[in-house]
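Given below, in the form of structure tokens, are the structures.
Presented sequentially are two complexes of subunit A, the first with subunit B as partner and the second with subunit C.
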Partner chain A sequence: MYGIIHYRQLIYLQFLVILPTALLFLPSLIAEQAKQGAWVSVLLACLIGLITAMLILWLDKKFPNKNLIEINEILFGKIGRVVAGLLITWTIVHTNSVIIREFSEFMKLSILPQTPIWMFVIIKLIIVIYAVHSGLEIIGRMADFITPIILLSILVFLLFIAQNADGLNLLPLFGTGAKGILKGSIIPSTWFSEIFLASFLLPHIKQKNKKTFSLIFSMLFITVVLLIIFTIVMAVIGVELTARLSLPIFISSSLGTTLFFEHLDIVFVSVWILGATIKIIIFSYLGIISLGQTFKMKNEKHLILPLCLLMGILSISLFSNQMDILHYIKNTFPYHFFIVSLALPALSLSVSYIRRTK
Partner chain B sequence: MSKKNQPVQLPYEEIIKEDDVIPKEIDVLEKILRDLFHNCSDFRLKRFKHFKSNTEYLLAWMDGMSDKTAMREHVVEGIINVEKDMLTNSNLTDGVIPIIDIKREKNFKKTIDELMTGSPILILDGTGEAIIMGLIAIESRNVTESTNENNVRGPKEAFTETLRTNGALIRKKIHTPNLKLEEKIVGKVTKTKILIVYIDGIANPSIIEEVKNRINKIDIDSVLESVYIEEFIEDNKFSVFPQIEHTEKPDKIAAALLEGRISILVDGSPTVIIVPTVFACFLQSAEDYYERYIYTSFVRVLRFTYINISLLFPSIYIATTTFHPEMIPTKLLLTIEASREGIPFPAFIEALIMEVTFEVLREAGVRLPRAIGQTISIVGALVIGQAAVQAGIVSPAMVIVVSTTAIASFSIPAYNVSFALRLLKFPIMFLAASLGFYGIMSALLILLVHLCRLKSFGVPYLSGFAPFIAEEIKDTFFRGPWWWMYNRPRIFQPKQTKRQSVKKILQNAYLKWLGEE
Partner chain C sequence: MKKKVALIITIILFLTGCWDKTEVDDLAMVMAIGIDLTEKGRYEVTLQVAKPGVFGKGENGGAKEDAFVTVTNQGKTVSDAMMQFYATSPRRVYLGHNKMIIFGRRLSEKGIKDALDWIERVEGLRFSNYIFTTPNTAKEILKINYGIEKIPALAIQSNIRLRYKYIAKFTPTMNVFIDRLMSHNKVSFATNLGTEQNNLEILGTGIYKDGRLIQYLNNKQTQDIMRIYNHVKGGLILVPCKNNPKNYTSFDILDEKTTLTPEIKGKKITFHLNIEANGIIEGTQCGEKIMTKEKIHQLEKGVSKIIEKRVRSMIHFSQKELKTDILNYAELIKKKEPGEWPKFEKNWDKVFPTIETKIVVKSSIKRSSWVKDPIPNKEKNKR
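Coming up: the complex of A and B.
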């Protein structure tokens, strides 16, 4: 289940954990609140992400090669391990169910409107089970293979749509002002704070001295990529439309292609599938690992089938439609996620300082 | 040991045990040999008498495998002239018999094994020791031009069925005592010799050890081709992808050895296998390195396109026409739809018919004698290509798709990879027909997980791409010029990596441009 990954693969994994779904949902969710000031919101969110990364790195420095659950065992004993473990597992499993459902809904909406949701879920779970069973090293290699493809197609995508960009759409630079910007930064912060998952990956990195670099670099890299994409998409379709459409990037990808082929949106969806699948694989992997760590299981592979089944069932039964998911993401998800991604590391860190544990 | 796990035993092993020595009495020996070779019409045994000392001796050989002229001239005539007291085994091997390849052996079983490879044996009465003479003369094919791997520029000779010749063909290219050819015998009945070839000091010792271990574990009665070994030693035995490269060209083997890889030669097979192998190896042909690098780099890039076409083109056609026709430009879409007018089948069935027909045609064309083979191509082109379209069974567009796929699959240098891709094409087509692009992407993802899982002797199968090694781009995506290849590929974890000292050619070129040289 474990294995050793290169620090480049860690950067790629972080990239693939945050970017795919961020591309899909964030533009409209941010633009709705912050209007043209969306870029400030992204920067603020990046700040939250950096804080999370610093917390994780700090913890890693204090407890080398220990993940969040093991750290909690050192601090609070067995009960701490079980409580923190279950909390993290539940958050990851629940979030992953939401992602699988988001993914399936998007597939249904964009390319296969008549296919039932469970079809997407089942196929996705088959891939996930195969990949998770192969272990971290293989997932790292997959990220190695897929990330360049994704970056290249983002570049092509931007070149295609940039011809329709209108710079005036980006004015006024700060949109509706500080309140909107702050409100708009809450949801993207959730995405950026997903970097706390690196706590489970850092112990397996080959180049121990590159930990800080890889986390900070991946954070900044994701921010830059997101900023460029958001700006161009907003310049192309305007802020009002970005806010109103639920999937603005997908819509804009079908706009500006004037070459031989038309409607290249399906090609971009195909590439997006690659990234999103890796995201789901990593979340499932980490969910299984953290549950195994919670109960100190010797062989986590026993958990693959039941947990994947649970995630499949949850993803089908949690929500009834796309609007339901959006409502959850807007109103509940950030606060739910921050408990684990920000509050838990911060608590562990402060307790370790109060108790002076080494 | 349970009965299932017992090694293969034949009557011969029961008569002559592992440690038996040759009986001293020549009469006893003759009887044993006659019994042993009962019904072997090619077995020859002759008793001679040395009249000067009144000693009898026995000569045994396999007819058709031993050089009879040399036996008469050097052995029999040589012994006639020996003085009375001089007829001892040590004298005979030390120079009386003018043969270089000559040795003494006491073990009965080893003697018989040597006899079976074609060496005549000579046994003096009362000594209990055999003299084995390497006078093997087996008819075999000459070294000829390679038929399956053609190239315009570069060496053309190919391996033959004889192990020693094949070893010599490699040695001919790498003149160093560091080139090791370790001999092993595999196959309980066939007792096939195999050679493990590597360059000491370049190949990774742990991989060499692993190869030997895996070969030692093989317990089979026969090894008739190198694929027997291949299927035993490959890492994932259930994968559709070949994990071991094979070739019939000594120059390719030499290049592989110099990259720190290990090759295995099997007696009786002109096909030599190379380990460890990564996916990128199958995209490199020997001629890539004999043509100028700029053109070859272009070809390399083309090959990546071919691979994708041969795996995905029918599926993409099916997915676009059935699920996403809006992707195709309107004019082209109209043409395709017009050509599909009146075709009774959905695109998937249509593609399936044509692909299966093509596979059958290909198989028939390969196996048939050349004279009949021409008929097949005519039948294939006219009847299936043209008539099927005219009869309205398949659309012309589908014929184009299938033939493009076929051409693409043939342009991959290693045909065993194109087999794998062609097999995988069918499930992907099915997924494309049922789930469109989502099906194709799901299939590709499963394929990616599988490929990332594969390893060949500890080397990840997708090395160079995943894990990505920036230094190796010059020999995976492109073919870098020879003066740029400072190091052996790190993929194969060679013990010694340096190929040439860094000469700073680009820097020198810049200095020249500045006129400061």
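Coming up: the complex of A and C.
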């Protein structure tokens, strides 16, 4: 299950944890609130992400090679470990179910409308079970292989649609003003604070001195990539339309037509599936690891099947329709997620200073 | 052994294929959709469907046969009419390759928003579709065989793309059309398709206000309005000669750039419209040398004057006759002067006709093509 990964793989893994689902509903949800000021919202969200990364790095410095659950055991004892462990596990498992559902929903909406949802879920989970069985090293190598493909195709996709871009669509630069921008930054902050998962990956990194660099770099890298994508998409289809569409980036990908190439949206989908697969794999892997840590299991492999089943069932039964998902992402998800990603590390850190534990 | 069994089971599981497997020869490829309103207020949908069998035949492939069929159905809503196709078609109606959507006149005048909602939602239809309007019914337009291409929709698409390159980017794709409808002035344009002696013809532009057709523009006016939107890529300007106004020098625009900036002083709005046009001389009938400094300068001035006159009349038409902000002024103020916009938002309809536009046109003749001067007029010299 465990293994050693290169720091480059850590960067890739962080990149793939955040990017894929950020390309679905996110731009529309930001544009709804912040209008043209979406880029400021993304920058603000990046700030939250950096704060999360700092907290995790700080904790890692204080408790070298310990993850969030082990740190809580040192601070609060057995109860602390179980409570924090269950909280983290539940958040990861629940979020992963949402991701699987988003993935299936996207597939159904975009290219396979007749196929039932559970088919996507099952196929995805089969891959997940296999990958998690193989361990962290294999997942890292998968990321190594897939990230360049994704980056390259994003570049091509942007080049194709950029010909339709109209700079006027990006004015006025700050949209509806500070209130909208702040509101619009809450939802992307959730995505960026997913970087707290690095707490579980940092102990397994080979180059111990590159920890800070890899976290900060991956954060900035993701921000730049997302900013470029969002800006170009908004310039191409306009902010009002971005806010109205369910899947703005997918829709805009079909606009990249030249005389020879048309209908590039299918390419976008197939590349996107690669990224989403890794994202789901990482989340499942970390969910299983953290549950194993919570109860100090010697062999977490026994947890793979039941937990994957749970996530599959949850992903189908949590929401009844697309509106439900959007409502959840908008109103519940951020606050739910911040408890674990921001509040928990901050609490651990402050308690460790108060109690002067070493 | 265990692994082999697992492998076989997995393979069997996936060999059956998905629910969504589609074979190309099970599809009816829709190339164009026309939406009309009948006199009784029912939606009438016409589809232009490609006939794949005809494609394969060579030059000597038997009798001449259209490579497409048009089918029509009616219903209470657009999807109701579409449902009739699903019920009767031997193949799956597939909209993924659709190139364009045409709105008939009666529907356009009554309002296209309901139809547009279906277009946005329907499965498979891409946002890269071109939007057209027509003074006839869409059904008529879709039945015409264009001749040079086997499928009329493809012919129109190629024509539009050529125009994008050489004339103006004036046919909107779906996303542009809808985005304009959502702007403050709610004005959107669709290219106007007509028929002439069983042939397709581009007549100009139909202007939609809040989803309703309010006005047609001819091709020349279309060029002018697109000039204001900075979408013009080329075009011909005829400058009358000094010695004989019935003869012309042709000026071919190669590239053009327009900038439109609002300037607000108190309650007065002034728009500055700067046009820069570069081009070449494509022939002169004046019969005199043109490659002198003064002559070139004179010609440039003449071109600028004509462009200015045409743009000014367009602005006048929008402000005084149509009294509708088809120039996108509201959006420009909103975008470029967001602080000032709330002052004008409420009584924009009253403010708009009073706005002054200052036009500066700078045109330059970059080269005179392969020859410098026209063939000298001998008779004239004798005198």
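Here, the second predicted complex is superposed on the first by the 357 of 358 C-alpha atoms of A that agree within 3 Å, B and C clash if a C-alpha of one lies under 4 Å from a C-alpha of the other, contacts with A are read in each partner's own complex, and residues count from 1 in each chain.
Rule of thumb we're sticking to: contacts are C-beta pairs under 8 Å (C-beta built on N, C-alpha and C of every residue); 3 or more make two chains touch, one makes a residue touch a chain.
As the structure is a computational prediction, the values presented were derived from the model and not from experiment.
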Checklist entry - Counting only touches as set out at the top, which of subunit B and subunit C does A:Tyr335 meet: first, second, both, neither? => result neither
Next on the checklist: Between subunit B and subunit C, whom does A:Tyr2 touch in the aligned arrangement: first, second, both, or neither?
Outcome noted: neither
Checklist entry - Between subunit B (first) and subunit C (second), which, if any, makes contact with A:Phe295: first, second, both or neither? => result neither
Next on the checklist: After the superposition on A, what does A:Trp118 contact: first (subunit B), second (subunit C), both or neither?
Outcome noted: neither
Item to check | Touching partner for A:Thr277 - first (subunit B), second (subunit C), both, neither | outcome: first
Checklist entry - Once the shared chain is lined up, is A:Tyr353 touching subunit B (first), subunit C (second), both, or neither of them? => result neither
Checklist entry - Does the superposition put A:Gly238 against subunit B (first), subunit C (second), both, or neither? => result second
Checklist outcome for this item: In subunit A, both subunit B and subunit C touch residues 111-112, 115, 119, 126, 262-263
Next on the checklist: Going by the contact rule set out above, which residues of subunit B touch subunit A in the complex?
Outcome noted: 323-324, 326-330, 435-438, 440-442, 444-446, 448-450, 452-453, 460, 462, 465-468
Item to check | Of all residues in subunit C, those that touch subunit A in their complex | outcome: 10, 18-20, 96, 123, 126-128, 161, 173, 175, 178-179, 182-183, 331-332, 334-336, 338
Next on the checklist: For a test of understanding, state which residues of subunit A touch subunit C in their complex under the given definition.
Outcome noted: 111-116, 119, 126, 164, 168-169, 171-172, 174, 236-238, 240-241, 244, 251-252, 254-255, 257, 259, 262-263, 265
Next on the checklist: Applying the document's contact rule, which stretches of subunit A touch subunit B when the two form their complex?
Outcome noted: 6, 8-9, 107, 111-112, 115, 119-120, 123-124, 126-127, 130-131, 134, 138, 140-142, 144-146, 148, 260-264, 266-267, 269-270, 273-274, 277
